[in-house]
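Next come the structures, one after another.
Shared between the two complexes below is subunit A, which pairs with subunit B and subunit C, respectively.
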Partner chain A sequence: MNFKHKYFFLFPGLFVLIGILIFPIIFVVRLSLSGWNSYNPGLDYIGLENYIRLFTDDPRFWESFFRLSFLSVTTVILQYVIGFALAHMVWKDIKFKRFFRVLFLVPMMTTPVIMTVIWRTFFHESLGPVNDLLSVFGVAPKWLTDPVIAKFTVIIVEVWQWTPFMFLLLLAGLLSLPKEPFLAAAIDGASPVRKFIYVTFPLMAPISIGAIIIRLIEASKIMDTVYVLTSGGPGTSTETSSFYIFIKGLREFQMGYAASMSFTYLIIMIISLTIIAKVLTKVLLKD
Partner chain B sequence: MDLVANNLSYKPDDQYHLNEVSFNFKEGNLYTILGRTLSGKTTLLKTIAGLLTPDSGEIKFDGKNFLKIPVWERNVAMVYQQFINYPHLNVFENIAFPLKQRKIDQSIIKEKVMDALKSVGLLGYENRKIQELSGGQQQRVSLARSLVKNAKILLLDEPLVNLDYKLREQLREEFKNLFSKGLADETILIYSTTDPRETMELNGEVIVLDEGKVLQVGPAKEIFENPNSLKVAEISNDPPMNIIEAKILDNHIRFEGIDVEAPQHLSKLTEDGLKIGLRSSDIELGENGHEFEVELAEISGSETLLHLKRGDTKIIVSIEEVLNFKIHDKVKINFKIDRAYAFHADGKLASSPFGGLNG
Partner chain C sequence: MKTCLTALISSLMIFSPMAYADKWSDQFPHIKATGDIPGDCSYEKMSKKNYKGKTLKINTHAIPVMGEPTALHAEQFEKLTGAKVEVTHTPAGDLYSKAMVPFQAGQAPYDVVFGFSNFINDWKRYLAPVPKKYMNSPEMKDVTKSHMGVSSWDGTMYQYPVDGDRHYLKYRKDVIDNPEMQKKYKADTGNELRVPRTWKEYAQMAKYFNDWDWDGDGEKEYGSAEVMKKDDLMFAAFFSRSVAYAKNPRTPGGFFFDLETMKPNINNPGFVEALTDWVEATKYVPPGGTNFGLGDEIGSFGGGQTLFSFSWDDAFIAAMQDDSPIKNKVGAAPLPGADRVWNRVSNSWENQYNQAPYIVWGWAVGVAKKSKVKDMAFDYLCFFSNGANHQADLAIGRFGVNPFKNSDFDPNIYINSMGWDPEIANSYTQTLLDMEKSNNRVFPLRVPGVFEFTSAVATGTSKALAGQLSPQEALDEVAKEWEAIVSRVGKKAVQDAYAVGVKMEDNKL
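This part shows the complex of A and B:
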């Protein structure tokens, strides 16, 4: 259709898109080619210097990146398994089904930052209730100050906070499944366990892939939990990419360098999530 | 190995879905459950399969309490009226599904699936997706899936009802061939339907079910010739048998000013409230007949169904050709009165032209 004023009507949407998405990305790319820092603010041009520094002289970025990969993959797997189990549980006709459905969603309704503060209090080594209880068994793990245990503390909090989201998506998926194949499967001789493996799980594959990808995108931005819980510590043992970029950019004010990290990070995420989505589709849908 | 049920009852709400149903099914036989919609046919089949647990009563198979055995160990197969298959599997995997639940060698599975595909006429379709098949083909897949496991009990729940006319005829023919091919040597075949014609064609033992109650059991021919009540006569005829309130006096049947000589098997019935039953096919158009007014004429396939009225009496006549009538046309009809049934006021059979309860 050729309509004279069509661009006029497109403009408001286009304006917002350019303003909040296209312009920032282009600006970040330009910024990453500059040496903008607190001594030297401004968009000068230093070529690929920031990228060379990132790829040759900054192991901390790559450590934080691999730490992030570990944290996000682990939390998403746990969220998926626990979320699926809970959804499957309240999918069947059990007592107090509605009560449990609401109960399992409560963490999602809370404010993550505030809940993380509460978790930090819980896990406080000498004053927190967790170690109070554990002292009965004579143990007192250093939840927040041991480099290894602190990673798992972050995982626990992340899983607690975001499993409900997974639960919600998977429950919606389960409720939308056709009932008939399950009738057929029972008669075809499938025990409940086999019914799950051969019918429920494959039927849920498309929804599972969607849920996992959404959560992976979200989880790869882990920031608030780390910020509040451990501030990346002890040392850098729970520091994630976004937190490191935050430190470089907004604490040390190396804007140009932080922009180059952000852009590199964006490219890596796009590539790896595409690969993950492809692999999941191939494995789960056999397509 | 017999399948025996005693007094099965199931009442999930204020209505009986099954009401004291008992039967004794023997292996190698075909049983047809005939009943209108909501008569409890599906409930009965689901109970046999184990998808429903009755409130009371027992089912025994081979002498063992069947109700204690979970569905997946019962060795039954079922074809539903909706075409139920596994949407995430292709045709081959669908049919192989029941076999994969047991530890069976891949090569044997392949052989059996191919056999089943062949017997339902779907060879060459094994890699198709289920959604790509037509309704008739989908139903064939679920039939193949039920055949492949060699179940001792094969349940078919109105398998043809959701198919179009042509396909239904064709599949019904195939069913007949399959059933007669000795598939049923060790199998108890239970087939439920609302269609009396299907029942007659399958020619098995018929159980007439209504509102969860068994009304009559017997060979198809017997049900057709000697229905034991008005209800059965209605259920086992399509269109339902015409019921005329009449009086028999001095060897004459009288209703709406019509007077016909009573045939011998009806002549001795003189009680009040007698009802005469006459099949729509036992009434014909004729020059010297009794005048009726046309209320509706519908053409169904190659026959015409005439809904006629005279006074308070309404009847349906089926004519084996396509004729055009207008509403309020007058037609003349004759009754093949020697094929008339008589029922008592309470609905029980009084007399049938085939010798049931004569006199």
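This part shows the complex of A and C:
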């Protein structure tokens, strides 16, 4: 029989794929080879000029990239630890289990920009309630105006907002684990700690890798928190790659240059996340 | 004759301390203080237009600053003309790109676009010039020379004047003019407590009045509220502090660049001195003050938290509103000056007092060249700024509408309509008027790619404020970036555009 007509049914999917994935990437690459900006709009061709500028004359991009790496790795580690602890807690038969499961998901369901505005108000150093409370103990951290503390403020907000996502994935993982290994461990008289180290954690490794990678991808796009909370400041101390690309592209309107940064960033992320996934698989799935 | 008559009627209405009732103020309570004021775009005139079936699309700022009056006047315009007006509100940082992206794509999703006056160079090719009939109207003839210049490019007006902006000093009059405080300050510091003439005096007083409860309200007050948050208009605050040290009336030919060579002046000792002062200022702002945007500054000074502030009118107007705890306790004065000014030609300091007003960029609005309802769009803008609306808008701090007409400098407007203390109203209008008359003014940078230049200043100065770089290192970095931008944009393009601004600064336009 001739099944050539089956290819006809592939066209809609292929068309959508080209329209929403392939075309934008190709357009970004083409844009990155142009000098499109506010005073010279249009897809002229300037070769690799933008890439040369990026690799030889823009330390700010690389600084923002390393800052992003620090912020995303730190936030994801914290989200994983806290998310795992919370998921483990409500996995057990505890009172108000359903209530806590819903409660822990609330931060994720709020709008990030609105919540960041609220966090900014909390951390406001002269009008916010956090320093008001801390003043009882004689301390008043400079949450948003100290270059080091501001990084941790961003981390706090990110962890609060996205730990529920990690919690959700890990809870789903815990609920899908087979019961037999836990029964065997119980018969052997394993303590809760040993049960966690030798049974729960290894069984959760594949799910953990998936959750960490998904969160790393999301965390590496951190933009709204920085935009609302600190605008990348003080100085450039909380500026991340995506915020920097936003400034160059939509504030300064250097569309061509911003496209070259976006494409470079995409390549770097693909490579680094592939390496991270391999390393995690090797470490966590060694047995 | 027509102008005289309009002025006479307007004056009668302004000087009347009571609400003015007419058929229009009954329908539109916003103008209850004056009623309709005759003019080419008055309520009466607009009610005779028929735009039924037509839609006007406007992109404006978020509510309240400029966004609220845009929406309010759109609603009034709809009722008067039968038009349908769709208003989109956009955050300040995105106003430029929201219009620029469709402009560059050859589209006009908005007929009227609000932005800042320093967008003019990048936007002018996409905007329709203001037609002659509006240019010749009595209302337009009333616009100050400075603001006609700010709205125009080489003699052609592209932006319809709806707002006038400049930076000036705001201070707590109840402290600075208080004899007891003056005595105490003299005893403690050996100096006179007075409206600061220089930035050094400003710093001394701000430090002295920092971190203690000097107004007896049970809460600590601080020295100064300033816009220091990166990318939140901080570059304008830096220029306000720089003009005293770096705008030398004896060296015409460019404040930001040397017009002849296009070499940036931004890292010369004048600017470095200003940035050094600004770094020092981080010690006398309220906690978190180095992260203050414009809204925080308005709230801080307007709420009575600081002794000083400087920037746009909004903080002053907020402080003078009826609901303010410090109404009639604040004063306006020119920006502080300096005891020495840098001479970029002789490369040396001149030890003499210098003060320079900064006619900063402000709200501006244009009509898209590709709009299909240009007549209606210009009528809307003309209506927006007609006499009655303008005076009512001036009284509401959150609207962000500030004086830009010669008739706005009459103190009686503020005394009679807004209940200001006559002495404060006089100092306010005199301060604004003196800026108009000054021959040593600085106008905003209006060159192609202006955002790249100002963004570089914001990044550099914020690094200095955060202690990441010294003032000299930070401004050297800015100068290097400015040179790179000039080279990318093209020296001639920047030079030609900059020459227009320099002509205004050198009083040749």
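Methods note: the second predicted complex is superposed on the first by the 277 of 287 C-alpha atoms of A that agree within 3 Å, B and C clash if a C-alpha of one lies under 4 Å from a C-alpha of the other, contacts with A are read in each partner's own complex, and residues count from 1 in each chain.
Note that in this section a contact is a pair of C-beta atoms (placed from the backbone, for glycine too) under 8 Å apart; a residue touches a chain by one contact, two chains touch by 3 or more.
Fair warning: this is a prediction, and the values are worked out from it, not measured in the lab.
Subunit B and subunit C, once both complexes are superposed via subunit A, fit side by side.
By the document's definition of touching, of the two partners only subunit B reaches A:Ala205; subunit C does not.
Annotation for subunit A, partner touching more residues between subunit B and subunit C: C.
Once chain A of one complex is fitted onto chain A of the other, the partner contacts of A:Gln254 are limited to subunit C, with no touch recorded for subunit B.
When the two complexes are overlaid on their common chain A, residue A:Ile25 makes contact with neither subunit B nor subunit C. Applying the stated contact rule after C-alpha superposition, one finds that A:Val81 touches neither subunit B nor subunit C.
Geometry note, superposition on chain A: angle between subunit B and subunit C about the Cα centre of subunit A is 150 degrees, to the nearest 10.
Least inter-chain distance for subunit B and subunit C in the combined superposition, rounded to the nearest angstrom, is 51, based on C-alpha atoms. Across the complex, subunit A is touched by residues 49-51, 70-78, 80, 82, 84-89, 97-98, 100-102, 142, 145, 149 of subunit B. Note for the complex: subunit C touches subunit A at residues 93-94, 96-97, 100, 104, 121-122, 222, 229-232, 286-291, 300, 305, 448-449, 451-452, 455, 459, 462-469, 484, 488-489, 493. Residues 35, 37-42, 57, 60, 124-128, 131, 140, 142-145, 147, 230-237, 247, 250-254 of subunit A touch subunit C in their complex. Taken in their complex, subunit A has these residues touching subunit B: 178, 180-181, 183-191, 194, 198-199, 202-203, 205.
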